[in-house]
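Labels for the chains are A, B, C, D and E, by order of writing; each one numbers its residues from 1.
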Amino acid sequence: QELTFLTDSSADSVAVTEALTAAYTAAHPDVTFSIETRPGGSEGDNIVKTRLATGEMSDLFIYNSGSLLQALRPDRTLLAIDDIPNFGLINDAFISTVQGSEGGTYGVPYETAQGGGIYYHKPTYEQLGLEIPKTWDAFMANNARIAEETEVAPIAQTYRETWTSQLFVLADYYNVQSEVPAFAEQYTANEAKYATTPAALRGFEKLQEAYEAGYFNEDFGAANYNDGVRMVATGEAAHYPMLTFAVGLFQQNHPDQMEDVGFFAQPGDSADENGLTVWMPTSLYAPRSTEHPEIAKDFLNFVASPEACDIITDTIGATGPYLIEGCTLPPEVPGMVADMLPYFEEEVRTAPALEFLSPVKGPALEQLTVEVGSGIRDAQSAAELYDKDVAKQARQLGLPNW
Amino acid sequence: MSRVVLKNLKKSFGAVDVIQGVDLEIEPGEFCVFVGPSGCGKSTLLRMISGLEEATSGTIGIGDKNVTHSDPSQRGIAMVFQSYALYPHLTVAENIGFGLSLKRMPKPEIASRVQEVARVLQLESLLDRRPKELSGGQRQRVAIGRSIIRNPKVFLFDEPLSNLDAALRSQMRIELTELHERLGTTMIYVTHDQTEAMTMGTKIVVLNRGKIEQVGTPMEVYQNPVTPFVAGFIGSPKMNIFEGKLAHEMGCSTYGIRPEHITVSDGAGKWTGRIRHIERLGADTLLHVDVQDIGQMVARVDGSLDFASNQSVNLTPMAGKEFRYPS
Amino acid sequence: MSRVVLKNLKKSFGAVDVIQGVDLEIEPGEFCVFVGPSGCGKSTLLRMISGLEEATSGTIGIGDKNVTHSDPSQRGIAMVFQSYALYPHLTVAENIGFGLSLKRMPKPEIASRVQEVARVLQLESLLDRRPKELSGGQRQRVAIGRSIIRNPKVFLFDEPLSNLDAALRSQMRIELTELHERLGTTMIYVTHDQTEAMTMGTKIVVLNRGKIEQVGTPMEVYQNPVTPFVAGFIGSPKMNIFEGKLAHEMGCSTYGIRPEHITVSDGAGKWTGRIRHIERLGADTLLHVDVQDIGQMVARVDGSLDFASNQSVNLTPMAGKEFRYPS
Amino acid sequence: MYRKSPYPYWFILPAAAVFVVLFLVPTIASFYFSLTYWDPFEARFAGVDNYLQFFSEPFLVRGLVNTLVFAFLTSGLKTVLGLLLAVLLTSGIFGQGLLRSVVFFPVLVSTIGVGLLFQELMHPTEGAINVALAAIGIDGPGWLTNPKLALLSVALVDVWRGVGLATLIYIAGLATISQDYYEAARIDGATRLQQFWRVTVPLVRPATTTVIILSLIGGLRLFDLIWAMTRGGPGFSSDVLASVIYKQYQAGFWGLSTAGNVILFLLIACIVAPLAWWLNRKEIQA
Amino acid sequence: MKRRDFVIGVISLCVAFFVFVIPFIFVVINAGKSAQEASQLDFSLPDRWLIWQNLIDVVKARDYALLLAYFNSIVITVGAIALLVIFGAMVGYVVQRRPNRATRIVYAVALSGLMIPPAVVPTIWVLQGLGLFKTLHGMILIQVAYGMGFTVLLFRSFIATIPRDLDEAAIIDGAKPWQIFFRVILPLLKPVTVTVIVVQSISIFNDFTHPLYYLPGAENITVQLTLYNFQSQYVSQMNLLFMNILLITIPPLIVFVFFNRQIVAGMTKGAVKG
């Protein structure tokens, strides 16, 4: 049989998909795969939704976990996988992000977990003798010195791809949670707001501060993600806030500078509470409409195995911790990955990003953060607008109390 | 060669009655000309005979058949349009054979019939050209060829010469009359040009405002116009027509005298006037004379005579050539 | 009112010599008609005088000035186009005043001059209409109005009547001649219609293939055509022209006799023939007669005489009306 | 008894079948869905909430203004430049044929291609445009990153891309103007400029109407180029109605997005229909 | 040619060169670079021209997806154009020749297609109901529906310039309605048909949004979607991307070069009501 497989068009996803399906076909010669790519981002989200809704989804597809998954109505459209043999190997925290409201579990992690934080250029730090900042103030102080003493842009921003602008806000969630532990719940229940919760507002404020201090690279409006990675790899910029999946890109484009780049979590206001906001991996799902449910599940089961992790590592290298029990990272991981691993070792030093805790996420966040980051709007008003934006989503989902 | 009979034919476009009850018999083999001023309904009448326009009421008979409600192609008629309506994308041969090819006649047969028609109309050397590459007169002949090939019982022409220049027009007039003599088919010919009407028809139908004013041979119509309208319309130069005082003096409500029936002299005459304008046509000369109390009168004199503008002349109508119409 | 002098004027389009050396003097106040067959270069010559076409060589003088290289607007001419070229988006008043408004003349002044012109041409009631809403004759008058308002020294007309129907054409002929009499301006008028040429001009210039064949008053040209071309071109119906045997017998290489100068009788005559075709025009009748060994001859007879097709008749040329041309 | 028309209605059927089934039915269905909370999986009736929501979108006003600015700017520029180019390209200048092709060439390139290309050319520091400007001592702006300029830049690119078609329509329009008009004007002493303003402009009006209407509809609906170049950014500064609608669609707010579609349609109809009526009326008068 | 015309021509050519040609030179240069060089995105000539190499890479990418895409896009474009021309001309013909309330409504509805943005999801449902979703014929019909407004507009005004005498001559020759249309009218529509072909085929060939929705599936890829092969959120291979742009611009270019001379004639009477 031939199964169809819809993946996003990033080189990593395609490579991983090709490797995994090839391995599976090697073991099951009667099963082959036809791989189809779709654009990423919300354009891709939409295609996934449309095709699911119209019953035209491929037999396997990869998609986000967390709040975006809820919009797929997983209980109705996806194949539950609670009964696959390797179910027990999957990390519990992850499972909660791929569950529907009725308790079924639908996805297996397709990649490693991600941290959201700040890449930094090690040689610059060494040259100026800077320390890894534990607080926002320390971070800004570092930036101030970089701006003063070097030609280097303290912070790289890349707004040509707007999604990259959200990092200061999203990756700040560890700090929000440590101050207001119930924020996610209250937020879902329409009881807490970004604009009225000072801790939550800080994310926007940090972005605004960074802009106002003039720490961004000159062409931040036109630079893209590639440029961001290049800048921090080559030392054109000292910092680049980003998710850790960027490791793959560093490896591909700047293999020689791998060890010039380090990583730290986005600092909060208190040095004691220093931890990492974590993104759950993209997941692999099968739709209910598939004509090959057994094979699809078997493939999912295969992906949820240490064997599959190794294949992924072989294909694109190690980019973070796997969420499958028994998966191991190779002994030698790039420095930036190594920088991330300590956070995962202590439970309290990580917190999932808000989108994995609450189904409420507004679509306009990236534009708003671009505005704050470009000085078009201040943090307070952006937060207010974001709260409004979020209401649409809640109403659409029919959440109570909105 | 068929008789065409129209009985109480009427046509309205919306509220406008364009043809207001026409009765007419056209004998087999006749060359019948519909003439009248622009907008009088000539084309409409012709199109009703062709079937392109549905009659509002009345009947149309062609041959022995009542064709009032037949399809145009079933009436045994052929039509030549003012624009000729040649298919620009087809060659002359294809244009002529178009009707046959619609009936899925075998190609060789079409070709031989086209060849024959082309011979009659001397179009043989032009068969592969397209309409664009033809002169006006040649186009005309192709349009006629397209009609002839259908072996129609009646030919219909709608001002076929009005797009041609004067020289060609007079040549084509003769060609068409000769064609009629050769084929002997009934022909109905629409024109607003009274020279064409006079020289071509065996019967003239003068139309005015959707009604027939007079039917007759050209000479009958010229010599005995039954209404002032016909009197004024037929004949070139136009008849001098007067109402009012002069007519009153003459004991009628409309008085008419043709320019060629006025004698001009320096001596005594019925009317005295001043020459206002002279048109020398070569063989003839037209004098436009201002006659006191009556108005302008045109007289035709021999081209060799000499007149000068502003000269005073005396005019006399020829006896027996005057027309008097009661009101 | 100015003299127009053309000296050895030539014009080539690429390799084609369209005007091949024209010398002509037009006296002040004359109404000069250029006539000739289509393509002979009439329009080109007129356009060279207007300045719309540059002369290849030779000179053009208007009044006392050599204007060979002047701009059209500097030559003191006005031109009426065959298409009239009225601006469809402007009213009649705006069309007439267009040239003045280009010169930024104040509006009230333009208005008063337009008013004056409109009075002369009886266009007062139409000033607010657009060209679309006018009849052919009215458009013509607007086109003339647009010319008159420039107070030109010379008027140029390029076949201004050819888009009109016959009745209107003959009316406009008179109006134009009267206008010329009233204004007294020099006018140059292009036509291929020989009736217009005959009736309107004080001077006729017959052109053929880019050369002048004859210059003279209409009657001179009609009575004494100096070349066979002029003989055949001027006069309606066309002169009968023969070369070959008959001409030879007559002691020339081309022999011509006008239809109106042939007497037709049952009795004796110079030539004997059969009537092939009769065109009854009302006042006159044209007989197309096949004369043995010579060919077809057209004779004009009085409309009241009776002839029949195929009848045998004898034809005699009137003495002194024959034309003989050596080779 | 009435004979059949030679222009039978069934000629409309094939086209109508395709059009009704694939365009009209979905469109009408979407009018209903604009009254629901609708996502891929369900549609809950919402009354006019979507419309209220759409009008309370904080960026709607911005988007609306941008849409109008964009549409009128591009259609105005296309009209003016198209006419000037057409006049130039019919005046018998050297290389006329080649120029016509060159001007039309951008029409051939896909929007994505154009978008990508200009993103690169308009890059604030490395883009060819600013590099060229820098060479002559001008400090080029951030064409697509400056919120005040982004919409304008996209509009310029849209003009660049679409002026070829406008030129073509104008060339066709100029071809219908009789030379007599120009000759008459020359005899009246009109300068070239006067000929242009007083003869060409009024007489080429039917083409102008076509260009204005087509480019206005295109401008009001324009989505793909904006999306390819700025995605409405930076922030919301180059958002137009179509991109706002698309974003709602992307976010899964299908009912809201459909309501936006209805509003966009009404906007287009309200602007274009009277304008078309007005332009055509003037034309008939002419 | 006058000297002035020559000078203006040369100046115009220079300006046009800068405004219209330079951008394409940019594309060509970058299409010939290596990935590294191309990521700089400047006007410098490549160290080594890799045109051929890049071309092969682009064609080979994703199992020769580009060739498949060419095939699909051409099938869609040709199919849709054929139907658009015939159906559109038929509608324009009846609407123009038979002016009454019914045809006026038909015309207005057709024009509304120019103004109303299509509703994607219901359309997918309809396509699914008809079994046309994910099929090339479905896509063809979609393009026909979306292109109908403009096509009818052009045809209608062009047909107004064809004298009715021709129809009537054919009627008298005994032609049936469909014979009048196909044998007399349709051949005369050539100029405007050329315009429709050029304008619509370019827009259909260059369309990417609609195939994205109505024609999912790797085997259904169309040329515009091949651009995604080289542009993703994460990695971009600009050299291949520009090569791809270059390659997919070729078919419209061929259409244009082929019909260049005739386009204006159709516009003259179609769009401008000459």
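In the analysis below, a residue touches a chain if its C-beta (ideal position, glycine included) is under 8 Å from a C-beta of that chain, and two chains touch if they have at least 3 such contacts.
The structure presented is a predicted model; accordingly, all values stated were derived computationally and were not measured.
Steps from subunit A to subunit B, minimised over paths through touching chains, total 2.
Within the contact network of the assembly, the step distance from subunit A to subunit E comes to 1.
Put simply, the chain farthest from subunit C by mean CA position is A. Two chain pairs are in question, B-E and D-E; the one with more C-beta pairs in contact is D-E. Taking each chain's centre as the average of its CA atoms, subunit D and subunit E sit 16 Å apart. The distance from the centre of subunit C to the centre of subunit E, each centre being the mean of the chain's C-alpha atoms, comes to 54 Å.
Inter-chain centre distance (subunit A to subunit D, centres taken as mean C-alpha positions): 38 Å. Per-chain CA centroids place subunit C at a distance of 54 Å from subunit D.
The multi-chain contact residues of subunit E, meaning those touching 2 or more other chains, are 120-121, 125, 171. In subunit A, the residues touching two or more other chains are 50, 53-54. For subunit D, residues that reach two or more other chains under the stated contact definition are 40, 123, 126-127, 249. Those residues of subunit E that touch subunit B in the shared complex are 163, 165-166, 168-176, 179, 183-184, 187-188, 190. Those residues of subunit C whose C-beta lies close enough to touch subunit D in the complex are 50-52, 71-74, 77-79, 81, 83, 85, 87-90, 98-99, 102-103, 130, 146, 150.
Listed in rising order, the residues of subunit E touching subunit D in the complex are 1, 5-10, 12-13, 16-17, 19-24, 26-27, 40-43, 83, 86-88, 90-91, 93-95, 97-98, 102-103, 106, 109-110, 113-123, 125-127, 130, 141-142, 144-146, 148, 152, 167, 171, 177, 180-181, 199, 202, 205-206, 208-209, 224, 227, 231, 238, 241, 245, 248-249, 252-253, 256-257, 260, 263-268, 271-274. By the touch criterion stated above, subunit A contacts subunit D in their complex at residues 42-43, 45-46, 49-50, 52-54, 71-73, 76-77, 159-160, 162, 218-222, 363-364, 367-368, 370-371, 374, 376-377, 385, 388, 392-393, 395-396, 398.
Contact residues on subunit A toward subunit E in their complex (touch as defined above): 4, 8-12, 34-41, 47, 50-51, 53-56, 161, 163, 224-226, 248-249, 252-253.
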